[in-house]
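Below, subunit A partners subunit B and then partners subunit C, in two separate complexes.
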Partner chain A sequence: MARIHWRYGPPLYQPLIDILRLFTQRGVSHGRLFDLGMVLSLAGSLVVVLFLPFGGISPMSGSGGLLVVLYMMLLMPLGIALSGGEAANPNASIGISRKLILAMGYEVPLLLILLAVMTHYGSISIAEIVSAQRRTGASIASVPLVLSGIAYVLIMPAMLGVRPFEVVQAPQEISSGPMAEYGGAYLALATVQHALSAFIAISLFVNLLWGGASNPAVFFLKMLVVFVLVLFVNAAFPRLRVEQAVRYLWRWPSLIAFIGLILVVVVGR
Partner chain B sequence: MDRNQLAKWFQAPTKMAHKYSLHAVYFCTGCGIIEVPPVITARWDAERFGVIPTATPRHANLFLITGYVSVKTLRAIIRTYEQMPEPKFTVGFGSCPINGGMYWDSYNTIKHLDRYIPVDGWIAGCMPRPEAIFVAVTHLWTLIDKDMADGYKRYRTNYAAYRANQERALGELEWPPLFPMERGR
Partner chain C sequence: MNLELLLSVAFGGSLLTYVLGRISSRLRDGLAVLISLALVAMVASLYGRTLGGGSYASFLGVPLVLRVGALSWFFAIATAALGSLSVIFSLSYMKGRERTSFYYSMMLLVNAAMLGVVFSGDLLSFFIFWEVMSWSTFLLISYNRGPAVAAGLKYIVMSIIGSMAMLVGTLSLYAAYGTLDIAELTGLVAFASTGYQVFLLVIFGIAFGVKNAVMPLHTWLPDAYAEAPSPFTAVLSGMLTRMGVYGFLLIIFVIVGASRHLHAGSGVPTFNRVLAWLGAVTIVIPTFIAMLQNDAKKLLAWHGIGQGGYMIVGIAFGTSLGVAGGIFHTLNHAIYIVLLFMSVAAVQYRTGGERDLNSLGGLIKKMPIAFVGGLLGISGLIGVPLTNGFVSKWLIYKTLILGGSPFLAFAALIGTWGTILSVYKFLHNMFLGQLPEKYRDVQQSPASMKLPMIVLSSAILLFGVLPGLPLRVINRIIVSFGFESLDVSLWGIASETGALSTVNIFAALLVGCVLVWLVFRAGARVVPVGQEDSYAAGAAVPVDRYHYTVSYYAPLFRMIAPFLKDFCDTFYRWLAGWVGALCSALKRIYTGYVGDYAMYIVVFLAALIFVQIMWGPW
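Then we have the complex of A and B:
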């Protein structure tokens, strides 16, 4: 990130130092729901991580598959919303409403994309989709699913909450939004949760559309490539307003994903 | 990473983490804040030192007071300081928080900031250059290493005295005491 700005920047392990520092600081709790919402959000993201196959390793991907992932992904913003709302900070409330609006924005194209993928492979199991791609090649390179892949790339910054869709945190506008009242260990947990949600969004893309991988190292490399691309977007763009973000998300990615879904149905006939 | 410091990382990881992750609240009280934008952006790039500005005091552990402190902003400074999670470090930037500076005879400014909140270090000058912030940060590292940056501990033990000074300057304070008052003097 700093190198893109032509700066020297912090060392690569700076996030680890930050997390260590935050865990050793004394945080202030704002009530029972403040703690429980954090736990709910963190538990939701950890469970989703278990359901996603990571290269060859897939702890729980035999059961449920994509539908479970879709349901459990809702827990992440919900937990943060409950927890941040308990703090009764006006900036946190604005941030939460923005987070839910943005989630509404990117879930429409995301559902269309997942529907297209599920229809094409006739399966809801992520492991089966990955093994099917090993026979036929990555689905983003195949004819019916290329539009879904493009749509996923377009909504990726919104799912990760980076610029130009950094409307939720927006330190200059609403002083970090939902994070405003987290201090010490709470902020560390919130940061870990944010990192997990980024992991989920990227690994879903790699699994469903970029063919997954047979061993964890290749999988990690693919995730790293996607992450660096998203960082480039993050470094190059300014922030959109909320309604601009939703208008963009519901117009272009949704349109492309919808055409992709129709294409899949037509080609599948 | 500096290889000479690996031993320190294993001996006291929390202390090293507090050293190299100084997230700062730049309290914009006066003209000193004009030196901060070059420091945190690409020209001087404070992120090399792990110094990043934060938007809320709950995330921060370095409190940089830039410029003169009027009676009205003292109230905000105390509230901000008390919201920051411990351990926390305060640095006064410029002459004005040290002894009033060019506002030494003003009726409306606080002359000695360290009577109201504990201050771990000063950057003298009117104005200090942006490099002075880096000098201050490296000095603060040394102080943290030697356990001498103990302002938050002093605040806890001498809270009654600090609170009395705050009430003398501001009148009745509308927030309850942070620590029990019977400790200290």
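Then we have the complex of A and C:
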């Protein structure tokens, strides 16, 4: 990040140190739901990670497939929303409302993309989609799914919540939104959760559209490439307003994803 | 247990409740609860039996028949169980109000009529019970007077249009085959021409579409739900509206038959395609309208319409997976929407009838059970994994995706996201955030409210983790329709194109929660603080109204509101105004004076005589 800006920054392992330090610090609690929401959110993300194949390793691929993943992904914002809601801090509430609106924004193209993928391969199981790509090559390089792939790249920064879609946290406007009331262990868990949700968004892309990988090392490398690309976007852009963000998401990525879905249906006939 | 006895208890109980109410209100309450519970037991004892009854009466030579099969039993048990919970809930909600005897009596009457509808073995008794149901519903919707009367009128006008359509269909069937017995019709209609089958599907579709509030026939619902007394709104949304689903199942799969339904109208838009798309529209638009509501009951009411769309899509698709999903969703929807309305009712009861989402807040600490009810209710409504709504929605999505309808699936999935936004607002504005000063002394919900809410909350989780319990019953319905059986186990569905195992998900989530909790506990100590002690970036925190509720989704609202006007309602209002003008024009002819009428008769006779003399047609 700092390297892109041509300035000095903290070392790469700084986030790890931060999390360890936060665990030793005192936090404040606003009630039982404040704790439970946080736990639920993080546990939800952990389960989703189990559902996603990580280069051949997929512990829970036989329990419901992509539809379950799609729904389990709900638990993350919902848990944070419940927890942040009990904080009785308007900044948190504003942040959550922005998060939900933004999610509404990127879910439209995301659902179109996922439906295109599921329709094309005729399966709702991620493992099957990955193994099908091993035979035919990565979906993003194949004719019917190329548009879906492009659309996914376009919405990736919004899914990760980085600039220009940093409307949820927006430290300068609403004091970090949902994070405002978290301190100590809460903040540590929230940070881990945030990292996991980024992991899930990228891993979904690599699995469904970039062919997955047969061993974890290659898979990790692919994820790293995507992540660095997103970091470049993050470093280069300023923040959009919520409306601008949603308008962007509903216009170009949705249009491309929609045409992509039509293409898949037409080619499939 | 025979059905005549069951229905006599149901209808007699309603009457007896009213009579007893004249004597003692305590006895009346007890009797109402007792009868509703007795009905549950009686229906439960019919489990797994198929009775085709002889006729219990006849009307103008048409024998009236009762019967019970897998489909009837499923709807009957849901009706009876939710009805009894709702009566129990009413005990404290209705305490101290006027005309309570009337209320209980009507409540039991609606219940009895619904049981009559599902147990009817012929279309005439079906129609009679249907009308009893509609009219007693009208009386209950209008119970609160004022705007409630207008809402009730809107309901009954739409309902009569539906009933008329049903009557036309019934009469045409009688004219064609000389019988109204459902079992006999099944064999006969199968050989009818395709055109006649489509006619039947459409005419009955209008009748049941009104009841199930399929767009564009939905306009009665939001007002009716909002204005009816809350415990009755629960029954109305949970079961009564879903009699439309029962009707659709009856006409599509029992009378016309599944294989024909799928190809009926062999032209380009087949009936089931049209119905599925109507369902999809019914999912998306009401869900987004719900997002903009500020009235707790109206918000839920629009979801009531939207979720009805899922059932219709599933049923219209007509595969065993889709129909199972549609029927299961009917049950699930009944459970969580009843719970949600109860939660709202509990809040109303303790806050003096407040249901405006902008003036509540922070009630989680005061009414924990109502909050848990609300939380599990919205989880079911969204379809969060491990709640019941998830399983049925999963079935429907899977049907749509694998059935090659990604656009329908998109409508269904995006509806879910709209649901999340609006129900989070619902929960947040009522229970989370800051507690306003005036609600500092709000009490917990009374026990008679807690009990139904706890029962329903556990049902949501139970059916979410072990969906096999209801799915086995549903499987029997599916088989009775002539579909192939589903491979149902206690905790999910096995199939070659992606299985579902809720127990695995449950275990994983449980382990995940425990792990995270342990890590969390291992961290430093946590200090509990009050609601005023929050971070405001250095600014002073104002006490009391520091809760972000008004225009919660303002940016989104500005974008989508212009597209979400209720065009249908506007159109019907215009139509109603036009009909009103027509009627007042007619009124000039029907003056009400006997002399005028006598003159009309004389003129008419004179005209007849004139015609006879001139052309002599008779």
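Everything below uses one rule, namely that the second predicted complex is superposed on the first by the 269 of 269 C-alpha atoms of A that agree within 3 Å, B and C clash if a C-alpha of one lies under 4 Å from a C-alpha of the other, contacts with A are read in each partner's own complex, and residues count from 1 in each chain.
Operating definition for what follows: a residue touches a chain if its C-beta (ideal position, glycine included) is under 8 Å from a C-beta of that chain, and two chains touch if they have at least 3 such contacts.
Treat the numbers as computed from the prediction; the structure is a model and nothing was measured.
Visitor: Just subunit B (first), just subunit C (second), both, or neither: which does A:L187 touch?
Guide: The first partner, subunit B, only.
Visitor: In the overlaid three-chain picture, which partner chain does A:M223 touch, first (subunit B) or second (subunit C), both, or neither?
Guide: Neither partner.
Visitor: Per the contact definition in the header, classify A:G85: touching subunit B only (first), subunit C only (second), both, or neither.
Guide: second
Visitor: Applying the document's definition of touching, compare subunit B and subunit C: which contacts more of subunit A?
Guide: Residues of subunit A touched, subunit B against subunit C: more for C.
Visitor: When the two structures are overlaid on chain A, which partner does A:A198 contact: first (subunit B), second (subunit C), both, or neither?
Guide: Neither partner.
Visitor: Let me test your reading of the model: by the given contact rule, A:L20 touches which partner, first (subunit B), second (subunit C), both or neither?
Guide: first
Visitor: Just checking: does A:L209 make contact with subunit B only, subunit C only, both, or neither of them? Give me first, second, both or neither.
Guide: Touch partners of A:L209: none, neither subunit B nor subunit C.
Visitor: What is the shared patch of subunit A, the residues that subunit B and subunit C both contact?
Guide: Of subunit A, residues 24-28, 91, 175, 180-181, 184 contact subunit B in one complex and subunit C in the other.
Visitor: For subunit A, which residues count as touching subunit B in their complex?
Guide: Checking each residue of subunit A against subunit B gives 2, 5-11, 13-14, 17-18, 20-21, 24-28, 91, 171-172, 175-176, 179-184, 187.
Visitor: Spell out the residues on subunit C that touch subunit A in their complex, using ranges where they run on.
Guide: For this pair, the touching residues of subunit C are 362, 364-365, 375, 382-385, 390, 394, 397-398, 401-402, 404, 406-407, 409-410, 413-414, 417-418, 420-421, 424-425, 427-428, 432-435, 492, 497-501, 504-505, 508-509, 512-513, 515-517, 519-520, 522-529, 531, 533-537, 546-549, 552-553, 555-556, 558-559.
Visitor: Would you pull the subunit A residues touching subunit C in the complex into a rising list?
Guide: 22-31, 33, 35, 38-40, 42-44, 46-47, 50, 60, 62-65, 67-68, 70-72, 74-75, 78, 81-82, 85-91, 93-94, 96-98, 100-101, 103-104, 107-108, 111-112, 115-116, 118-119, 122-125, 128, 175, 180-181, 184-186, 188-189, 241-243, 246-247, 261, 264-265, 268
Visitor: Write out the stretch or stretches of subunit B touching subunit A in their complex.
Guide: 1, 13-14, 16-18, 20-21, 23, 42, 45, 47-48, 50, 54-56, 58-59, 61, 83-87
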